[in-house]
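First the structure, then my questions, so here it is.
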Amino acid sequence: MVRLQPYNYERFVQADHLEFSFGGGEANVAVSLANYGLDAVYVTKLPAHAIGQAAVNSLRRYSVDTSMIVRGGDRIGISYNEKGASQRGSVCIYDRAHSAIQESTPSDFDWDVIFKGADWFHFTGITPALGPNMVDACRDACKAAKAHGVRISCDLNYRGKLWSRQQAREAMTDLCQYVDVCISNEEDAKDVFGIEAEATDIYAGEINREGYKSVARQLADRFGFEKVAITLRESRSASDNGWSAMLFDAVGDEYHFSKKYDLHIVDRVGGGDSFGGGLIYALLTGKGNQRAVEFAVAASALKHTVEGDYNMVTAAEVEKLADGDGSGRIQR
Amino acid sequence: MVRLQPYNYERFVQADHLEFSFGGGEANVAVSLANYGLDAVYVTKLPAHAIGQAAVNSLRRYSVDTSMIVRGGDRIGISYNEKGASQRGSVCIYDRAHSAIQESTPSDFDWDVIFKGADWFHFTGITPALGPNMVDACRDACKAAKAHGVRISCDLNYRGKLWSRQQAREAMTDLCQYVDVCISNEEDAKDVFGIEAEATDIYAGEINREGYKSVARQLADRFGFEKVAITLRESRSASDNGWSAMLFDAVGDEYHFSKKYDLHIVDRVGGGDSFGGGLIYALLTGKGNQRAVEFAVAASALKHTVEGDYNMVTAAEVEKLADGDGSGRIQR
Amino acid sequence: MVRLQPYNYERFVQADHLEFSFGGGEANVAVSLANYGLDAVYVTKLPAHAIGQAAVNSLRRYSVDTSMIVRGGDRIGISYNEKGASQRGSVCIYDRAHSAIQESTPSDFDWDVIFKGADWFHFTGITPALGPNMVDACRDACKAAKAHGVRISCDLNYRGKLWSRQQAREAMTDLCQYVDVCISNEEDAKDVFGIEAEATDIYAGEINREGYKSVARQLADRFGFEKVAITLRESRSASDNGWSAMLFDAVGDEYHFSKKYDLHIVDRVGGGDSFGGGLIYALLTGKGNQRAVEFAVAASALKHTVEGDYNMVTAAEVEKLADGDGSGRIQR
Amino acid sequence: MVRLQPYNYERFVQADHLEFSFGGGEANVAVSLANYGLDAVYVTKLPAHAIGQAAVNSLRRYSVDTSMIVRGGDRIGISYNEKGASQRGSVCIYDRAHSAIQESTPSDFDWDVIFKGADWFHFTGITPALGPNMVDACRDACKAAKAHGVRISCDLNYRGKLWSRQQAREAMTDLCQYVDVCISNEEDAKDVFGIEAEATDIYAGEINREGYKSVARQLADRFGFEKVAITLRESRSASDNGWSAMLFDAVGDEYHFSKKYDLHIVDRVGGGDSFGGGLIYALLTGKGNQRAVEFAVAASALKHTVEGDYNMVTAAEVEKLADGDGSGRIQR
Amino acid sequence: MVRLQPYNYERFVQADHLEFSFGGGEANVAVSLANYGLDAVYVTKLPAHAIGQAAVNSLRRYSVDTSMIVRGGDRIGISYNEKGASQRGSVCIYDRAHSAIQESTPSDFDWDVIFKGADWFHFTGITPALGPNMVDACRDACKAAKAHGVRISCDLNYRGKLWSRQQAREAMTDLCQYVDVCISNEEDAKDVFGIEAEATDIYAGEINREGYKSVARQLADRFGFEKVAITLRESRSASDNGWSAMLFDAVGDEYHFSKKYDLHIVDRVGGGDSFGGGLIYALLTGKGNQRAVEFAVAASALKHTVEGDYNMVTAAEVEKLADGDGSGRIQR
Amino acid sequence: MVRLQPYNYERFVQADHLEFSFGGGEANVAVSLANYGLDAVYVTKLPAHAIGQAAVNSLRRYSVDTSMIVRGGDRIGISYNEKGASQRGSVCIYDRAHSAIQESTPSDFDWDVIFKGADWFHFTGITPALGPNMVDACRDACKAAKAHGVRISCDLNYRGKLWSRQQAREAMTDLCQYVDVCISNEEDAKDVFGIEAEATDIYAGEINREGYKSVARQLADRFGFEKVAITLRESRSASDNGWSAMLFDAVGDEYHFSKKYDLHIVDRVGGGDSFGGGLIYALLTGKGNQRAVEFAVAASALKHTVEGDYNMVTAAEVEKLADGDGSGRIQR
């Protein structure tokens, strides 16, 4: 997805220049994993023209394997992204109807080839939201992944502009049966599945630990998830957030809360995806649950300081922050 | 239409920043006329979101009356524009399917209101190329214009990526019956109507005066145009062009050739539209045929030195060039 | 007024590039009102050359009616603006002596034409500060406004670099007799009229509610204002401010304090004007006093996050913030 | 003088960013000389604020001695400069009325201190054009220079926007009595003194060698100049010029024509000043007449390829071009 | 190699911002080949830090296989590149002493692994110029390539700032014994091997066809090259060049001259490398000699219009130009 | 030293443009002093090419006397600087091995000439860290300074990437015998000399006043320093720091703690140097100890809001902040 953004804090109605980058839920996760040194393959469909090629180049630049990307269709989706500050929230205007991926057909993807030798499959709730054919594609992918013994994670990522809650619930209920690791925030769980904790006002900027434990357990109970990660954002303003997460291990029945970071935000978009990327990396490389959630939260804390959708940090940088040095001293 | 362009001569596959402007055939003509001091009203449909608003702002900035623009629909069309140089031609990648204007319906526009008090209606062949509903809209507009005694000009502007020659011929044959002033180049006349002059190789960079006279007469004879203007581009390279035009007055049976300019090109896109804007201004303000074609060619010569689709020049600047000072001396 | 500003936090002595925009007290209010959908007419005098035209374009871009702007004179005023941060305050170097507006004469403006059909007239204390002829022009305008039944608001806006306190007091005492709604801050009231509250140190960053009430009442008593609005800025640093306001309704003898926002500042200049624009809009559209001051404060809270003098927000965005969502969540 | 210029070939009415640099006739000559390694002192008056300081910094950056610059006054002059191309000439909008230098008084400058140890004094016709006090200042400076045995050069540089031909003739006739080396072009000689060659159309782009010899001789005869240099610009377009010069040595009664360069122009402004800088350097360092004019023309040929008013080239680079390598090969 | 370049035509002494890209002889050829769709592997040594990583990213972005790049050493070489225009030639200041590749040792590279499955090995004379260890590395590579049946091409590319002619001759005489396809220009042949054609002044801008045939034959005779390609640059100025080439097939004893392009130059650096990339692609894909040289020249004609070292064009674009459409018309 | 930095908060791996400035410990102090109006001479060795010249220009721009800079050598050192935010610390990648200054010899500098008429000599621990020849150069300089009655200050500035603690201790123990005023932070004192205060965790963000007093006294006792200044940074994040300092006067046995500023950081690099510059200025101009440390801390508080290494503030601005106005109000 093309990401177009005015410079600094300009609004579109006054802008004459844009930053031209690329992003999107699954792409962002792929870049995170590639930056950590894993072999990350990104699957989508992109038009054959120069803008599609620029998207491919952007992924290759950060070492994502683009050989499985199908080329064709007419257009690539666009996210017009306006950066917020203080009391003004960021605004995303999506223009992705009729994109090549949205208009792709199941036959575009040969999942058996794609999953050959793979260890992990990640998708987000944004993809099935693009239309029924995408729900089918996700189901095909999940089934093939299961057949190849590939673990599956899903970030619920509800987008109200793309589908209704009813549509989301139906599709995601179907797809979640294949999922091993579910990533959510309280809003998603409520919007998609109607699962909510009592006595928590997510807009109040206060974290209710018991509430989150309740949500995670309900999710795991309903879909049989192995693990449920819930990100806990305290949105004080568009410039300052509190940021932490909880990982619930349903097998061991353990709740792991990470430390909390006070973020001064450079770029908020992609923050959730960077958590997913960090978590998958941590689980794939055998870290324990507590370390995994710490790694994932530290990864996404760093993402909030990086321009663009992609999380441009190394595993060593994440480890260092997870180990406790958040003082921001110059490294020289 | 949004116009996205990399800085300088960068290609999209290497670009990280884009110039964000707006343009399009009829919009460019409207801006030209407004810059010359006329009351120019631009009619289209644009989405209600910030990108649609930015398009409105862009037109307002140059004094175009935007009060007749219908707001609605999902997206605004995009032209990804890559500037060429020397042997590398400029590239336009259009992403305008499903735009608000393309998906508009005849009932979106109340032509009787729009043409009230108007003197001139201009459209290009790009608009009907967007789909059958747009052919209908153009026909509705032409009929209403005629009913209000409004003169009509049309720039054939064939775009092979939008429709086939057969589709173009059928639609434009219909619409041209309403047109008073036709603007074309030899390629358009041939592509749309199969009209061509003998013994002219338009790629050879040589101008065949008799051939152009033949084309203009054939066009006028077939459709009853009052005037036919043909622009004569000698494309030596993407950086250097020869540029002139001929105006055929079918009533007086006179052919008026302009002087020829050797252009060192800053921005080629919108060059034809600036000719149309200059011609309409000249005819509306009562200039004679020879002066009209000189004004129009001078206007578009200046446009080739201006960044963006719009021709940012005043009538006084055009007059000065038409009067002969093309030496490029500093004005101080 | 041209606004020239180095990129980011650069200082002029190191800058090689500038942002080129436009602004000024009354212009900023006009843009606010136009952005909210009202018909806003801006009256000034600007030179006929390209820089004057660029100023006109800038206002048109945001839908301000520029048809009453007189063209002539030699120069347009300039504000060299350096953005501050943390302990370094922003710096404005004015270069507006001998501007077209400053050298205009009363005969340049036909106030009867200008106020025909108008509902509201707004001016600031900066305009009469430009010289005796501007005091005369403001008086002429006020008288004509009164004659046309137009309500008048004035933002005291004392600028010590333009005139002495004595000059200001004399002129503003005269002009304030026509004013219905006065906008001030405690510094202005003291600088211009010597009105101050006891026991308040405005530099201490602490708000003294009783003190502000006292100032507002004194202002209303002395000049017969219908309403007095006082903005309450707690300037903790150039990056962080507390921001709220009080609206005193002299008729109903009611004091309305708004909620207070903790601002992380993107651009401080124009903050006060955006309050004025918000207040006028709220009063013109019939909001009650409490809602009016909440709207005005929310509007200017948003302005502090927008680059440039103008407040690029819609009424809907302001309403949303006034309704309580200042969490800065992404809107998608 | 501040120089504000839109990026690339943008026009002011569409620009949102400007290049911020400094320049002006005598300043440009000073920078040329400093770049060639001479001790160059620039004398002017600049306001004490940050913009004045930025001007000082700009000169210091290129090694001009700024210790004689008087600080005071209110404003620094501005040149709004729009770069032309092809048939569109560059436009300079001057905003320098009421600048510190224009409003300076003779007592601001202590010429005896300034000329102590100096070898050469250069001024242009732009300075006395600023007003009668500047004519006086120039006369004072010339007299002091003569008293200190300092040679004097003057570039006539007529600016019709600053004074009338009659005013120019009167003032320059007075000042030229002190001048040893006069720099002119045919337009200046005609505009200022009514001296012209027969049968030469300076706009025709053809050089009339005999005509220029005639002009130079008339100038030398009337004012007793030791040398007269005339630059010969063939302005084919704003992008392409022919460029050469002639140096007339009145003592030896010799005419020296330089070779002619076909320029592809990057930045035209300051081109004449760079000729002056090159000529003064060549004469000060004892080059012969033929070499001096070749050096000066090569210097200004290079200037036309350099962004900004100042000529950023070394003496070695000029020598190399004057020696014949204009092939533009990469130096590596 | 990092490439740092001021914006537009700025010089370093006035620049405050730089374009940050990467390039270098062999890297440029690798990018060309990858852009044409071949599997291109680039071998070098780069430091493990972020700047080294940025270089890797740059290559990956354009699909070059970077898996054989050795990471280590302290620094990456830099080319400070200043773009020339008209009579001012571009300037490259190299800062590559002590780079990781220069300080690499033969054991850093396992050529047997590298050449497994490879078809072609290309190097330039710049690499052995970095030092005796690099001569050894090139020799090792050539021997291994021969052993694997890999064809070898070499672009002589003499750089006088890196080594003396004597050093170059000794090293290149040794290495050329392994080379199948030699790429040169007349200067290289003379500088490195003392081979020159009679009666040709390469600075005169005139092409001597017989002279070039003589040089090619002498090169082939001395080293047993299968083919010799000579590029023919007519350097009229830094902005305008004539550009063509000749391919001598020693086996068939045939000389193939390409058509000649009149280039208006956007970026001159990498022009020769793009010729090499085009030639290798043409030969690897089985084009005949005449088509091969036409493809290579067209490829590099396009390169001169592309910003940066790399040639960002597709094979289809090159074919189109080689087929004759150099008119620079807009593709839409 | 060249300072290359991506725009805003970009990382190098994603950057395509860099800010190009200059800096370095002693250079930054020199610029501070020149900005305060003192005569500051900077001594180093720089290559004769354009990049070396750009460094000289940069210093001259801010009035530093560059006449003592030796020109020669091959390269200028580079600091690749990546700006951090929030939990991501800034990163400096140094590429300064083999720089002209590092490879200079003692005979390059004639200290007797350099110190003629000087009042103060300042160096930092970075310079001797460049190699044994630099230790020698520093010793030569110190001895000459002493001989000329010049006071000496040294900022310990330990850089672990340049030398080991053992090397640092040995060299600095030698050099510190000449030093009158020592500037340090607790880390430096510990890293270089093993001096530390008990019970203080410098990473904890809490200031231990007694601990700092202990460190200062130990330093003074060991080396006979007249004064010891210790900067106290509470690094809460890369965006927010607490900042204060202590000045110990060994003669009077007095400890002077400054007020503490809460910094919202624009640019962290050069923060320590700006303290040094402020302190030297304050001591040279005869301010008392308390005022001196207040001035120095205020100066460096302002530096943290200025882009680039250099502290672009005037003495008046520092005085104003030291006098207590840190509210960041607009100055207009």
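Going by the order they are written in, the chains are A, B, C, D, E and F; count residues from 1 in each one.
Definition applied: a residue touches a chain if its C-beta (ideal position, glycine included) is under 8 Å from a C-beta of that chain, and two chains touch if they have at least 3 such contacts.
Owing to the predicted nature of the structure, the values given are computational and were not obtained by experimental measurement.
Colleague: So which pair out of A-B, D-F or A-F basically repeats E-F, with more than half the contacts the same?
Modeller: Match found for E-F within A-B, D-F or A-F: A-B.
Colleague: Same or different interface residues for chain B and chain E, judged by whether over half of the residue numbers are used by both?
Modeller: Homomeric contact, different residues on each side for the most part.
Colleague: State, to the nearest whole Å, the distance from the C-alpha centre of chain B to the C-alpha centre of chain C.
Modeller: About 42 Å, centre to centre.
Colleague: Quick one: report the Å distance separating chain C from chain E, using the average Cα coordinate of each chain.
Modeller: So the centroids are 61 Å from each other.
Colleague: Note the residues in chain F that touch 2 or more other chains, in rising order.
Modeller: As it turns out, chain F has residues touching two or more other chains at 8, 11, 13-14, 16-17, 57, 61-62, 91.
Colleague: Which residues, counting only chain E, touch chain B once they are in their complex?
Modeller: 8, 61-62, 261-267, 298, 301-302, 304-308, 310, 312-313, 317, 321, 325-332
Colleague: Residue numbers of chain F touching chain D in their complex, please.
Modeller: Residues in contact with chain D: 57-58, 60-63.
Colleague: Can you name the residues of chain D that touch chain C in the complex?
Modeller: For chain D paired with chain C, touching residues are 4, 6, 11-21, 49-51, 53-54, 57, 74-75, 78, 80, 82, 91, 93, 95, 97-98.
Colleague: Name, in rising order, each residue of chain F that touches chain A in their complex.
Modeller: 8-11, 13-14, 84-92, 94, 159, 161, 203, 205, 235-241, 268-269
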